[in-house]
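Below are two complexes that have subunit A in common, paired first with subunit B and then with subunit C.
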Partner chain A sequence: MKRMLPLLLTCALVPANAGTAGYVDLPGGEFRSAVRYEEEGDRLRVVPFALMERPVSNAEFAAFLRQHPQWRRDRLPAVFSSPGYLGHWESAEAPGPGVDADAPVVRVNWYAADAYCRAQEARLPSFLEWEYAAAADARRTDARDDARWRTRQLDDGTPRAMDAAPDAPANAYGVRGLHGAVWEWSDDAASLPGAGDRRGADDGDRLKYCGATALAFNDREHYGVQKRFALLTALQPGDTLGNLGFRCARSSP
Partner chain B sequence: MNKLWTLLLAAALPAIAVAAPARAQDLPGDSVYHVQAATTDMDGRPVPWSSLRGQPRVVSMFYTNCHLMCPLIIENAKAVQKRLTPRERARLQVTMVSLDPARDTPEAMRETAHLHRVPDGWRFLTPVADDVRAIASVLDVRYRMREDGSINHTSVLVLLDAEGRVRARSEVEGAAPDASFLTQVKALLAEP
Partner chain C sequence: MKRLHQTLLSCALAGGIAALFAGPALAADAAPPVDTIQAVLTAPPLVPPPITRKTPAKVIVNLEVVEKDMPISDGVTYNFWTFGGSVPGSFIRVRQGDTVEFHLKNHHSSHMPHNIDLHAVTGTGGGAEATFTLPGHETQFTFKAMNPGLYVYHCAMPPVGMHIANGMYGLILVEPPEGLPKVDKEFYVMQGDFYTEGKYGEPGLQPFSLEKAIDEHPTYVVFNGAEGSMTGDKALQAKAGETIRMFVGNGGPNLVSSFHVIGEIFDKVYTEGGSKYQENVQTTLVPAGGSAIVEFKADVPGNFVLVDHSIFRTFHKGSLGILKVGGEENHAIYTSQQSSKEYPEDAPDGK
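This part shows the complex of A and B:
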């Protein structure tokens, strides 16, 4: 019995949300999206929500795996099958010294990202929520009319991206890394207009044809949004990429 | 000391809950019941998604405020059931899962079941809000909430075997059942 005590104490002392990054509140409101969601207008309502200040790190994801070992790469069931899932980590449970513990975790599939957020009583942000938060630069909540700033977004998802450095400034909302070296999953990645296989959807045939993704924009000047949109719509939930991570969001009460 | 033990036991409970999926070890790797999600049935009782394991079933996702495709999904599933022998019918469960937890309360689900005169034994489940996407993803149901409160969604019947493996899909286009889907349902029910 004595031997069990330290174990039980460990359980008692680890709070459910140990090691999670902080959340930043975003006010929401009417937002002009660059994406055309079928027959909706270009002004959409963003409900107030909270978003993680930074993407989930390797260290945070390793902590999640200790509590939810079914998401380790050596235990992942085939239904979430995922070539390359956490393949860059040294072992199934830890990134190892060759990987920066504080860097965003990558090579995680949608299912694992979704499970991580749900375990924090959160969820993945929608693409619209990401676009709304990522419209801000360090000074302005909507910097999208600035052509130079928009052009710099061509580097999103690469090491040259404007928010790639760990000390890059937060945006006007206080969120960091939205235009960073890694892309991020959205909650609705598989259901974006033009995404994958639309057979059986009751939203008409218009968007299921080749090249339809190009039709899905209100504003083609928003390269960063388009690149990210094209990437996410090309992925299946089980896919992983070396520059694709995630962060979580919470609906405001 | 007694108090301390109560505390420690309370702390240990989550550990026991984590150990419980020992049974999940023998779940086939490709089972959709690996998704951990919480739902409520139309009597307000909690139904873990994984507890649906054990019987072949036809599953679909819908929402009660939907007046065009969703009634067709229900009629289509009823028509599949009607084409089965009584023995087959007794083996196959039908489960409708909500895409709209905010509005699909147990009362709303009961009302829809009543309105469409669904046979006894059908289950209407409303997932916890943040759990809807995980169930939809594993069933390959795509959906998007629209500004007007309607939902664009894949209208599909998914046939699962008792272990939760996807055996067939039928895209719903009308009230009449898809012949090849029906054949696959009957084939699954004929298995020992």
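This part shows the complex of A and C:
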């Protein structure tokens, strides 16, 4: 009995559906995205995957930099560099006392976010995976029919966001902070404008202008997702923002 | 055939001669502008000074997007998204033929990208494509002010309706080369409809209501971004005998305004902000995303009330401003009440 106690305790601390440490397993399935992907129907298939419970923190990113110093702001290769990259940190290797170590790391460009996830043998989530996970509130895996809850998402990316507080409850999957004060990189958003030839062409840029916006969404009233999608399609991989962080995902084996 | 040739030739010649005569004027317009001018920008109800230049210039406009909480009514605040820190945004004044170098900054504290579509621009998206600006970034594009008139500008970033509903609009005036007739006072007045989760007057920071915006049921309909923006100490001021011009815009996003000043008749209305004016107008329609220039002489003193004559908006949603005109009374034009009395019930007037 005495020997079992520590074991039980350990189990109790890990959520039932947790994957590897810090990751939460999501079952996937058929999902209706608010975004209209070309040549796709309404319902998309999300394959099972795992998502980090929380966005990557300043402390975690600092630990990554100790292992991979080439991603420090003072050593970043010119091709990946961007103005403002980790510019709010006290030094090149640490956030310093002025920055909350547990808060999501921001001012990280797509290249560094991608490298962080690769170092974890993970990857950035696709926008669809992100949207699927973020469709859940604390009780329901798809709460998007709840107009009041959905309206709260208009504050995503601001300090008023519903998941902005560190102790905001996890959603039904056990994922936290998806509707937080920081936006999050997605794998495909970063790859959209990078090639340059998509600029001013069709879908990515079409979203920026009057009128065409409504055509690009299955759900024209989900402004929370529209705002996020508009932001992500606008970003270049080298861009950094004071309210843009990331978390990683893993494909299920 | 020969005759046809001759006709063609004379046409060509005539064209050539016309071109010759037009030559110097065209060349002057096409030559690189000599002067580079920093545009004066003003918050409502102020208007930048009239342009006295006789030649086109290169005009540099620096406009910064700022998201900020401001009062929308007594005890009620709203998180406005602004061009230049005010709702409506800064008034921009240029001259037809000017080359405008436009710089759009998006403040570091902004939570998302913004851009600007100026209805005065001839070109893709009115500049929206060229000014797609992330927080903490600055973009630049250049356009020629081809057509004179009073034009609305607004943010065209998705979701467009929400950006406009949060106050992202303003006016840009392109003066004709000869300028506008001289007046004593100019004011900047722009209407907008706002949609909050709380009902009218519910105190505190009120979030945007998408549902009410889609239903086109505004909680507030106001001039210059807030109820009371032009009342009390902030009333517009003029003196009897002065000529007044109001640059009136309507940002919407949904409602059309029936703009009226109680106790005045507009001597001239440049309808829809264009070049032609109608005379002797009581109420003028200002479309969402459109404008009008109204002019009148303040003949007599008094408080003249700016309203949207879709009148429930004035009494229940805030669309009310005051033009306070001081000076000497002129009883030949208007007397105050001369008498008030009962009349006998058995002797009705006119019988």
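Simple rule for what comes next: the second predicted complex is superposed on the first by the 208 of 253 C-alpha atoms of A that agree within 3 Å, B and C clash if a C-alpha of one lies under 4 Å from a C-alpha of the other, contacts with A are read in each partner's own complex, and residues count from 1 in each chain.
Note that a contact is a pair of C-beta atoms (placed from the backbone, for glycine too) under 8 Å apart; a residue touches a chain by one contact, two chains touch by 3 or more.
For clarity, every value in this text was computed on a predicted model and none was experimentally measured.
Trainee: After the superposition on A, what does A:131 contact: first (subunit B), second (subunit C), both or neither?
Mentor: A:131: touches no partner chain.
Trainee: Touch check for A:60: first (subunit B), second (subunit C), both, or neither?
Mentor: In the superposition, A:60 touches no partner, neither subunit B nor subunit C.
Trainee: After the superposition on A, what does A:239 contact: first (subunit B), second (subunit C), both or neither?
Mentor: second
Trainee: Does subunit C touch more residues of subunit A than subunit B does, or is it the other way round?
Mentor: Of subunit B and subunit C, B contacts more residues of subunit A.
Trainee: Is A:77 touching anything from subunit B or subunit C once the two structures are fitted on A? First, second, both or neither.
Mentor: It touches subunit B, and subunit C stays clear.
Trainee: Scan A:158 for contacts with subunit B and subunit C and give back first, second, both or neither.
Mentor: A:158: touches subunit C, not subunit B.
Trainee: Looking at the overlay, does A:184 come into contact with subunit B only (first), subunit C only (second), both, or neither?
Mentor: neither
Trainee: Once the two structures are superposed, pull the subunit A residues common to the subunit B and subunit C interfaces.
Mentor: Shared contact residues on subunit A: 200.
Trainee: Report the residues of subunit B in contact with subunit A in the complex, numbered from low to high.
Mentor: Subunit B residues touching subunit A: 7-8, 11-12, 14-15, 18, 21, 24, 27-32, 34-36, 68-69, 129-131, 133-134, 137-138, 142-144, 146-147, 152-156, 171-173.
Trainee: Using the touch definition from the top, list the residues of subunit A that touch subunit B in their complex.
Mentor: So the residues of subunit A in touch with subunit B come to 5, 8-9, 11-12, 37-38, 40, 44-45, 67, 70, 77-81, 110-111, 114-115, 117-118, 121-124, 187-188, 190-193, 195-196, 198-203, 237, 251.
Trainee: Using the touch definition from the top, list the residues of subunit C that touch subunit A in their complex.
Mentor: 79, 108-109, 111-113, 115, 117, 125, 128-129, 132, 134-136, 156-160, 162, 197, 207-211, 214
Trainee: In the complex, go through subunit A and note every residue touching subunit C.
Mentor: Those residues of subunit A that touch subunit C are 84, 147, 151, 154-155, 157-158, 160, 200, 205, 207-210, 213, 221, 223, 226-227, 230-231, 234-235, 239, 241-243.
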